[in-house]
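We just call them A, B and C in the order they show up, numbering each chain from 1.
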Amino acid sequence: MPRDSAVIEGVFITASTTPPVVRARGVGVTFNSDGQQTIALTDVDIDIAPGEFVSLIGPSGCGKTTLLRAIADLEQPTAGELTVNGMTPEQARLARSYGYVFQAPALYPWRSVERNVMLPLEIMGLPRAEREKRAAHYLDLVGLADFRRRFPWQLSGGMQQRVSIARALSVEPSLLLMDEPFGALDEITRDGLNLHLHRLWRSTRMTAVFVTHSIPEAVYLSTRIVVMSPRPGRILEIIDCDLGGERPLDIRETPEFLDVAHRVREALRAGHSYD
Amino acid sequence: MTKATPILTVLAILAVVWYAAAVWMNLDLARTFADDDATETEIYLSTMEQERPKLPAPHQIVEELGTSLFGYPITSPRSLIYHSYVTASAAALGFALALILGVLLAVGIVHVRTMERSLMLWIIASQTVPVLAIAPMVVVVLGNIGLTGLLPKALIAGWLSFFPITTGMVKGLRSPDPMQRDLMRTYSANGAQVFAKLRWPASMSFLFPSLKIAAALALVGAIVAELPTGAQAGLGARLLTGSYYGQTLQIWAALFMAAALALVAIGAVDLARLALVRGRGGRL
Amino acid sequence: MTAAPTLSLLALFVLGGVALNLLSRGESLTYRIATPVLFGVILLLAWEIACTGYGVPAILLPPPSGIAAAFAKHLPTLGADFLQTFIRAVIPGWAIGSAAGLIAAILLDRSPFLRRGVLPLGSLISAMPIVGIAPIMVMWFGFDWPSKVAVVVIMTFFPMLVNALAGLEDAGAIERDLMRSYGAGYRTTLLKLRLPGALPFVFNALKLNSTLALIGAIVAEFFGSPIFGMGFRISTEVAKMNLDLVWAEIVMAAVVGCASFAVLALIERRVTFWHPSIRA
């Protein structure tokens, strides 16, 4: 991907020849509750180009989820400018430009797996034939075609989360936002899902912003890793992660992988994340 | 069978205790009525066959139920079926009114803050007021404007049952967690869609337990609405006349019939729940 | 002639609606109490205007002012009825019934077998029109307050039994294992874990029982009472068409019912401050 890099005020900003999917300038979010002010996020500058997979990583309270939610128009920035696909986040939300995957599957227990995937499509008003076609396609893509008629509580946690990813993809968004989607799962399931997600991203070429706690996960999945500091959250460093296209799971033992992971850990340490 | 064993055991113990109590309580009366040459055994046995016993033996109640249910034509004022129908119809109408009002109120309370703040306190307060104190007044006032019979009883039954429905529905409509609601935001779903696709389905698992309580309360309301007004028909009326004329068996039969009706009402709600659960894959 | 009351009602509703809307924006406790109070005041005013303005006959529906006057006029009778019904029947019956239910629950707790048999039956009986037992209690215990106490005891026993059993079961597996690891026996676990944990359920039943007790005592009086008592007064005065005394009794019953519930709710807040439903 052709990039022009410029260094401004010690923070790397990359501008590509195509307009960025997400552009943040000086974005800050401050929460007010009972007279107490909490600065969740401050001074965030970043451009996310189409087709990138960007991970946000940092300790608890570093504002990574807040940033994701601001992009999704689930929080409002109290400072700075944020655009998504050239529009305000609210316009982007109303235009249904993104798919969101939460930390928990958030499936509706009274709907079958299939109908859960069709939920956003119903709201968008798609005709039934189209809804059913897309639901079948994306459930197949996550490998759950045989479970269409089952109900969420009949599926394991990992399977439920896959359904939630299929649901996010069914809208066919250009931007996929994921908030620690695999955090509640055991490591083995998680590894499998990482592989799955990576393949999905490669085949759909969508832009992804992914919040995580896990360094190996971030390095495995991303093209760029944004390291954030403890509260008040700011961007410490943005690390390029060019491990190539096809990434099998055992890429995690290669020296290149470990090198990137080391840099991430160092950035976290420099930001006092381990204190 | 193992699930029923404890229940059956307790019922068996209950039956034994009941018989013993019947003998003990009816003994004095039995002695006064006994012939001079009656043996102790005969006196003891007679405690279980008295016409107006202090505590009827279980089999006597069963007999009385049998005659009053099947011994008279259904339309006769001596038929327990007739009286049950009168009470049940008032309870059913009251329940239906409470259901409509309760659901509408709950929807209003969840969506309009002014309604929530103004009404919730009064809704709770309405339940602490013994509506049965108001029952005679309701009957009189409505009677004065020409509404008698079914409607006043239904209104009282409805008053008792609308509270569990309203609170259950409010809880249910509010039950979706923040994540499920955020999901709807990411779809930029409008208010009606959020209500129809999230809140309403989520509220069903809270509504049905409340409906069971409400159904039982509607029955209580209908029965008690019959009491202070000297009503002529209905299970409450049977209790009243039984009490006036010292017809103990009639009272107990009416009581058991009321209990049976309560079971039927709760069972009906359960059937409705099962029908709904089918479309949801077996769980509410 | 009906223009004046209609206009005032309209003005009342419009202004009142606006005021309510404004008040409900506030978050503090004062606002939360002021809003329903204002709503009640608006209703009372509307009632007064409608009754006096449209000339509604007092036989049909007296205005609030009329009821207040009746209340003042009949205060001695009201006092005697309150004594008979509430003090002599409701309070003892509620206390005995609730205590018996709680003790029964603790005893039953020892035998899971019996508990599994009694619990479904207890829930069933709670759902039934137990109030119908009143005429039988009158037959057994006579016309005066003992029969009313008996009715209230029976009515309050089962809800407490069912709730207390549920409450005793509520302690989680982890908490119980912790007690085991301390070598705590049945008694200690009961006193330090399960009973405190059961308190929210017990209070739930106590509040419910306060309403049931009042209903039970009043209904029991419908079936026979000496010359005092709220239920007695209502049924006899309705027959005599002395409706203002009936309204006064109704108001007293309403106030008594609300007040007992409110007192219990306040105590509950203090005692079970730790429970999520109170913390929320």
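Observations on the model:
Heads up, the rule we're going with is that a residue touches a chain if its C-beta (ideal position, glycine included) is under 8 Å from a C-beta of that chain, and two chains touch if they have at least 3 such contacts.
Worth saying up front: this structure is predicted, and the values here are computed from it rather than measured.
The fewest steps needed to get from chain A to chain C, moving only between touching chains, is 2. A centroid comparison over C-alpha atoms places A as the chain most distant from chain C.
Taking A-B and B-C together, the pair of chains sharing more C-beta contacts is B-C. Centre-to-centre, using mean CA coordinates, chain A is 54 Å away from chain B. Annotation: 18 Å between the Cα-based centres of chain B and chain C. Annotation for chain B: no residues touch two or more other chains. The multi-chain contact residues of chain C, meaning those touching 2 or more other chains, do not exist; every residue touches at most one other chain. Within the complex, the chain B residues that touch chain C are 3, 5-11, 54, 113-114, 116-122, 124-125, 127-134, 136-137, 140-141, 144-145, 212-213, 216, 219-220, 223-224, 227-229, 235-236, 239-240, 242-243, 246, 248, 251-252, 254-255, 258-259, 262-263, 266.
The residues of chain C lying in touch with chain B in their complex are 17, 20-21, 23-25, 31-32, 35-36, 38-40, 59-61, 113-118, 120-121, 124-125, 127-129, 131-136, 138-140, 210-211, 214-215, 218-219, 222-224, 230-231, 234-235, 238, 241, 243, 246-247, 249-250, 253-254, 257-258, 260-262.
Remark: chain B residues 177, 179-180, 182-189, 193, 197-198, 201-202, 204, 280-284 touch chain A in the complex. Across the interface of their complex, chain B is touched by residues 72-74, 93-94, 96, 98-100, 102-104, 106, 108-112, 119-120, 122-124, 150-151, 153-154, 171 of chain A.
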